[in-house]
Each structure stands twice: as structure tokens, then as C-alpha cells.
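Supplied in C-alpha cells, the structure appears directly below.
Letters A, B, C, D, E and F mark the chains in the order given here, with residues in each chain numbered from 1 onward.
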Amino acid sequence: MSRGFYIGRFQPFHNGHLSMVEQIAEDVDELVLGIGSADDSHSVRNPFTAGERIMMITKSLVEYDLVTYAVPIEDLERNSVWVSHVQSMSPDFEVAYSNNPLVIQLFREANIEIRQSPMFNRDVLEGTEVRERMINGDDWEALVPEAVVEVVDEIDGIERIQMISGSDSDNS
Amino acid sequence: MSRGFYIGRFQPFHNGHLSMVEQIAEDVDELVLGIGSADDSHSVRNPFTAGERIMMITKSLVEYDLVTYAVPIEDLERNSVWVSHVQSMSPDFEVAYSNNPLVIQLFREANIEIRQSPMFNRDVLEGTEVRERMINGDDWEALVPEAVVEVVDEIDGIERIQMISGSDSDNS
Amino acid sequence: MSRGFYIGRFQPFHNGHLSMVEQIAEDVDELVLGIGSADDSHSVRNPFTAGERIMMITKSLVEYDLVTYAVPIEDLERNSVWVSHVQSMSPDFEVAYSNNPLVIQLFREANIEIRQSPMFNRDVLEGTEVRERMINGDDWEALVPEAVVEVVDEIDGIERIQMISGSDSDNS
Amino acid sequence: MSRGFYIGRFQPFHNGHLSMVEQIAEDVDELVLGIGSADDSHSVRNPFTAGERIMMITKSLVEYDLVTYAVPIEDLERNSVWVSHVQSMSPDFEVAYSNNPLVIQLFREANIEIRQSPMFNRDVLEGTEVRERMINGDDWEALVPEAVVEVVDEIDGIERIQMISGSDSDNS
Amino acid sequence: MSRGFYIGRFQPFHNGHLSMVEQIAEDVDELVLGIGSADDSHSVRNPFTAGERIMMITKSLVEYDLVTYAVPIEDLERNSVWVSHVQSMSPDFEVAYSNNPLVIQLFREANIEIRQSPMFNRDVLEGTEVRERMINGDDWEALVPEAVVEVVDEIDGIERIQMISGSDSDNS
Amino acid sequence: MSRGFYIGRFQPFHNGHLSMVEQIAEDVDELVLGIGSADDSHSVRNPFTAGERIMMITKSLVEYDLVTYAVPIEDLERNSVWVSHVQSMSPDFEVAYSNNPLVIQLFREANIEIRQSPMFNRDVLEGTEVRERMINGDDWEALVPEAVVEVVDEIDGIERIQMISGSDSDNS
């Protein structure tokens, strides 16, 4: 039995994430999805809470054979202990997946195997695209699994992100 | 008896804030002024300490009939618990006043009545304007209550903000 | 579809917890198990990491029909925002289960339905008993699901708790 | 004009505190009441929130001529910066009042005048006594100002402290 | 060249610590003395600041040939990342020295060599003894290096610890 | 005997820092080098850990007669208590050296002597320049002491900073 770890913010979980999970599924029996910046929400960059993101991930992956764990990872704002923090919050894993240079560097310095692929970039690009479409009222639904559309609707997520995008982050 | 809550950073308390308080005074018997970012000071955006801001507010409102409370609210850097945090630090209130989209969204999700008005924008605009005039040696006194001029003078506030505006926020 | 929330520290997940889950399963379709004090580990009271506890819970419940989520909840050390914190980290739930007086009081003040039962006490009593047996080399295996025995063995958990129980928590 | 600073937890504000304020009023024109452990609540030692304590203090002192400020002071858990923290949160003061040895020592090392009096001990003793009477259903009302009775009633404070006193601070 | 790491709170640095350093000096060329609980001070258990403890250590070891580094280590209150935290704050080391069971366990799980010795217990016992003698006005000077006596005198350390030992840690 | 305090981030320690130390050495017998942002590392602005920076400083100054202390100072993100925090972590000092406007202002408000010089700017400029050269593969070695080259080589520091400079600080 082998287990992988895939870190992301999943704001929201979209088709780029999904295809990445499908690709990883060929390598491992179980996969931990670490939900980064779990303590952040209600901002343009991180509109959804950790609990909402757990729902998106779990419902999107329910029909896959892969055993998955969605685990919130709060920010410690201290890169030097980040790998230990992740390890304490997650079921044990043998290999990590990421295309983020900082994440790759931190795992490497901790002597943990890390795998990347050029196509992984898709998840980064799509995250920003999906949030912009949500804000502008464009077709974001095409970029995410059906289950994510349902979760966003239930929580009035479009209203939320449109509202906070108007914030000047200044309450003076 | 009814009580309102008005959140701001009050850096410094100026005429825009004052006219907002006057308008709110028509609605409520008592008003809590929540001093946001209370733990920040000595920065261009937040030059004054919470204690200094309490003095500005209290002295500016001393002649008004309205019962007021000036309450420092430290940042928790976690939007999802911000409303609970405010409620724990403040005397109980029935209605909140703000024109900040994030604040409005957070109170709405917590099912607390929130009121806004187009004219509220004045307080945001004037905050930046007052600080810029302070830095540039222009006439900032015209934009704030007389009591605020006194507090700023007592603490050598102009010298402070001019000094830190020269900081490159880099002490390497 | 209804979802419940059951908070515990699960140090470790034992038969008392299991029978509580079985009882709750009669009420709800899905259950969130909130892993309290998720940031604590390697102490006599909290020997296991959040990741290790996720493994214990997930493996113990794998054969049950109930859909379950094991979610780490880090301590914020601030009772007044605890309910909001829990809500942000957890999938949405309609009813909470606990026999802990503080937890009950906090949910009540937040107007969230909370259910308790005299038999729930069993989980508290057994947690301490299991840890003491682990430290003393007595038969702790009888008090926990088979899957928990496996997890504890894999991580050399008995060696860990016995070692730290000898600590005088003083490294002077 | 002179201003004093009196730190306490005010859990709740009681007659010992009140007579201390009356005594200090002979020395100064204005008094800041620093509400210590402002971030703690819903515990036996700190049952009431900072906002509830602001209400108790403000309503109890409304008829006094003394100008008072009730200012929440959150714990930083770092004695070496405590005086600076208090100074940043409070309007400027010339003299501090306390009978707590740690507080006295910290102000002394910062070269701030600190006054004490044997009778000040009364406030410490009565705090514990009031909370115990609340828990046991004894006559606590005799030990606090009338306004505090009203606040505690409004928030169902007796139910709260009795409930949490049954907590074993263990939610395993 | 080899470097060792020795963690302690050094409240204060005493003869037990000194003889431990002398023993370690036979193993390594350089030694890092990690000053634990660096953020705590002005308490009976941790009376001295990190800066004061750096002075005690540096002055006590000035005549030794061993190259030493005195490095403050602030508490993170999170055992699972403690080793990474120590490693980020300290010059690189090959072997750690401690007799504290928790410290030993944490280094072992991180696969870092840890050495202990029955005689190391002396440092723990003497720390408490020295502080008690300071509080009671007994002969503490006999238990510490001459340089520590000088530092404690300079900062009026005896007055401080005697004062705070009278604190009931309650400022209600 | 006199002691000075010089705060910097030392990312890395370079020739501008070194000449500043040489200049200060004419004023004082001992010098504390406060390593600011000690808790940050693995970012473009703060690539090296506090422990790595201690090594750079200590090895670069080993041949100087000046007694030096390299002390990590973690960020508290609260300007109003920063001076007290520095004082608690550092051996006692009489005069501080800085050319950073914020640092100067904070020490002045705390009535601590602060000295600056137009030439001090060199350290700020060179810090950015060195890091940019590291990232671009240009000649950074010419700008730092020989000992710093060795430390950076040992820890594969160039690989680290080049890797993380490619990060879009987004792991979505």
C-alpha cells in the first residue's frame, strides 16, 4: 500500500485539480489532499472556508476508487517548520506532489520524495481564472466538477466573492 | 434602549467619522466605536496606537449626548471568526454600521443587521487624505475635530508619521 | 440528508468513541468527527498527532455505512470564537454531539442544537484509562478497535507515551 | 489633569473593585480600568467576555464624577513586553495602581510609578468568593454593585458559570 | 570539526550546567547552548530574560577553549515541529545532549543522534534548588559560577524573583 | 565597558554590514548583532534561517577583537512592543545603531540613544543587490566576506534562492 500527498489551496477545487488527482491515482493507493491556508477565507484569493473546501473535494471524488483524505492545513507563517507541520497533520505518506517551487524546495531539504510535471501548472492557472470568472459573472461552472457547482450554490458563494472583491481592504 | 456598533481604524479620527457618528446618533441611544487593527501602530497606514485613538475619539465626542464606548479590537487575521471576536470584545449591539464590503458580508453571514449609506465612503477617503497631508506638511487640521489636533500635538504625532513614511520597511 | 458533528480529542480513538458513533449513526446520514487539540501531540494527555488520529478514526470506521469526515481542529485558546472556528473548519452540520459541559454551553449560546446522553461519559473515562494502561504496560488493546492497535504499533506509539510519561516537563 | 491606570480581570466587577476606584478617585482626575485577560471567557476563572465586563464597569460607575475608560487588554503571554503592550492600548497615564506583585515588579522595572495599599487585597479575595457563590447558588448579589447584577442576569451568566464549572476540561 | 547542541532553560546557568558543558567539551569542537523558553521571564520558574541568560552563559564560559553559541529558542507550543524549529534557529549540529525524556523522544523520532547520561540529572535538580534559595534568601551563590552572581546582582535579580514569588498569579 | 546594538536581517551578512561593524567597533567594547525576522526563511527576501545567519556573522567576525553576540530576534508584528522585545532578547546595551527610519523612531520614543550615519544606507542597498546576483547567477561573492561564501556553499544556498525565486507564492 502506498500513499501520496498533494497540497493545494483548492479555491475552489476545479478540473485542473481533478485531472491531477487522476494522474496521481496511477501511482498510489491512497491520497491525502492537504488544504493549504485553511485558516483563510472570505478574501478574493481565498474565498471559501476549509470546511467548504472539504465538501467540494469529497463530493467531487466520491465516485473514484482512490481512497482520499481531505485535511485542512493551517498556515504557520514559518517555512522552516512547514514540512514537520504538514507531517503532523496528515496520515503518513511516501511521496508528495507539487509544482510549486517553494513546496518542492522545502520537501527536498527534508529528504522527502517530491514529484512534479509540466502539466501540473494547469491547476495554478485555473484557480485564478475560476475566481475571476466568478467575480465577473462569467461561465466558471465549465471549469469545475459538477459537485463544486452545487457546493458554491448552497453557500451563496458567488454573492460572497463578488461582495468581497469590492472591498478596498480598508475599513478606516 | 438600542445600541449600535461602528467599526473603523480611526487613523486618525476625522470629520468624516464625526459626521457618520452624528448620523448614527439619530438611530440609536448608545454607540460602540470598535477600533480596528488595534495592535498595529507606527506604520504609515496605522500611525497611532489604540490608546491614542481612544483619546481622539473620547475627547471629540465628549460634548455629544450620545453614550459612546471606544473599544480596541485586535486583528485575529481570520475572517471566519471575526464577528464572534468583535461580539466578545464589545458591549452587546443590535445593529452594525459600515460601508466596507468585507465587513458587510461577514455581518450578513452571521445574520446581524448591517446598515450602510453612500455617504459613508467619505470616512475612507478622508483617512488617506489626512495621513498624506500629515506626511507632506499640508493642512490636515482642517479635516479633523479640534480635540484630535490636540492629541496629535501632545504625542508628537506629525514627527512620527513623517519619520516612518521615510522607512523602506527594510532593516537589512 | 442530515449531518452531525462530534468533537473529541480521540487520544486514542477507543471503543467508547466507537459506540458513540454507532449511536449517532441512528440519527444522521453523515458525521463529522472533529479532532480537538489537533496541534498538540507528544504529551501524556495528547500523545498522538492529528494525522495519526485521522488514521485511527478512518480505519476504525471503514466498514460502517455512515459517511464520515475526520477533521483536525487546532486550538485557538479563545472560547468566545470556538464555535465559529469549528464551523469554518467543518462541513456544515445541523446538530452537535457532546457531553462536555463547556462544549454544550458554547454551542447553546450560538443557538446550535446540541445532544447529550449519560452514556457519553464513557468516552471521557476510557480515554484516561487507555493512556494509563499504555504507560503501565497493561492490556490497552482490549479497549480500542483492532485498527487502532495496528496504527499504534506502526508508529511505535507505546514507546513514545512511555518515554514522555517519564518527562518532568522541565528541561532546565 | 492627572490620569491613573488600574488593572484587573473584573470577573466580575465587585464591591472590592468599586471601593478601590473610590479611593483612587481621590488621587486622579481620570482613571483607565484595564480589563486583563480580555481574550479569555467561558472558564471558571474568567467566565465573562471583555464586552460583558465593559458593561459591568461602565454601568457601575455611571454616577461617579470620575472620568473613566474601560479598556480590554488581551494577554500576550510574554511578561517582558507587558508594560509596553498596556501603554499602547491605554490612554497615557502617570501612575498605576495594583497590589499584584508581578504587576508591581513589571511597572517598577519600566520606571513607572506604582501605588499599592494593604486594603487592595480585598479585590482579589472577593473575586474568587463571588464566583464560588455564583457556582454554588449562594448570595453573590450582596458582593457586587446593582448594575452588575443586571448585566449578569441579562446574559444568563449564572447558568453559564454553573454549566462550565461542571466541565472536566476534557473533551476526549 | 564537530558541533553539539545542548538545550536548557538556564534559569539561571549553574554549576550543574557548567560541568555538563565540560563533559560535552570532550566530544565536540563547538557547542550550541539553546536557551529554551526564551520568551518567558519574570516568573518563578523562568525569572530571567533570554538576554540576561545569554550574559550568564557567555561570561561563565569565556575562559574555556570550547567555541560556544548561546541561542534563544522561543516556545512554539507545538511538539511536532519543535525539532525543525530548533534546527532553524541553531547553527548546524551533529549530536544533541539532553536528559529530558520529551526532548530525547522528539530528537529520536527525527533521527538525530541524542546522548544522555545519568549524571545529567544534576542540572534539573539544581535549577529548582537555586531558585528556591534565591527566594528564601539562602546561599545560592555557591551553586553557580562567579559570573552568574555578577549578572544577577547587576539586574537586581534577587529582588525580582522574591517579588514575583509573592504573586498569586491573579490580578483580579 | 560599553555595549552597542545593531539590528539587521543579514540576508546575507555582506561587506556593507562588515564595514558598519568596523565603524561601530570604534565606539564600543562589545556589540550585539540582532538578527531580525529570525523566524522567516526560504523566501526571496529572507532566504536564510536564523541559524545559518548566526554562522555567517560569527565566522565573518572571528578575527576581530570586538566581542560580538549574534542574537535571533523573532518578529512579533507589533511595533509598539518591539523595543521591549529586543531588550528582553539581547544582553543589555547603551546605544543602538540603525539607519532605518522606523527603528530610529521606535528607539527614540523609548528614550534609547540611537546613532545613524549616511553611509549606513550601504547595507540596505547591498542586501537586495546580493540576493539579485544570487538569483541571476552573477558575481555575488565579491560583495560578501569569504566566510559567508563558505556558509552559503555548505547549505546549497544558491540552489535554494534560485528555486524559491521561481515561486509564484501560489500553491493553488
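Here, a residue touches a chain if its C-beta (ideal position, glycine included) is under 8 Å from a C-beta of that chain, and two chains touch if they have at least 3 such contacts.
Computed from a predicted model, the values in this text were never measured in an experiment.
When the partners of chain A are compared with those of chain C, the chains appearing in both lists are B, E.
Under half of the residue numbers at the interface between copies chain A and chain B are found on both sides, making the touching surfaces mostly different. Chain E and chain F have Cα centroids separated by 25 Å.
Separation between the centroids of chain A and chain F, computed from CA atoms only, is 36 Å.
Averaged C-alpha coordinates put the centre of chain A at 45 Å from the centre of chain D.
Among the residues of chain C, those in touch with two or more other chains are 41, 49, 78, 80, 87-88.
In terms of inter-chain touching, the protein chains here follow a pattern that is not a line, ring, star or complete graph. Contacts between chains, counted with the stated touch criterion, involve the pairs A-B, A-C, A-E, A-F, B-C, B-D, B-F, C-D, C-E, D-E, D-F, E-F. Per the touch definition, chain A reaches chain C in the complex via residues 38, 41, 49-52, 54-55, 58, 69-72, 74, 87-92, 154-155. Residues 76, 78, 80-81, 83-85, 87-88 of chain E touch chain A in their complex. Listed in rising order, the residues of chain A touching chain F in the complex are 7-11, 36, 77-80, 98, 100-106, 109, 123-124, 127-128.
Residues of chain B touching chain F in their complex: 39-43, 49, 160, 163-172.
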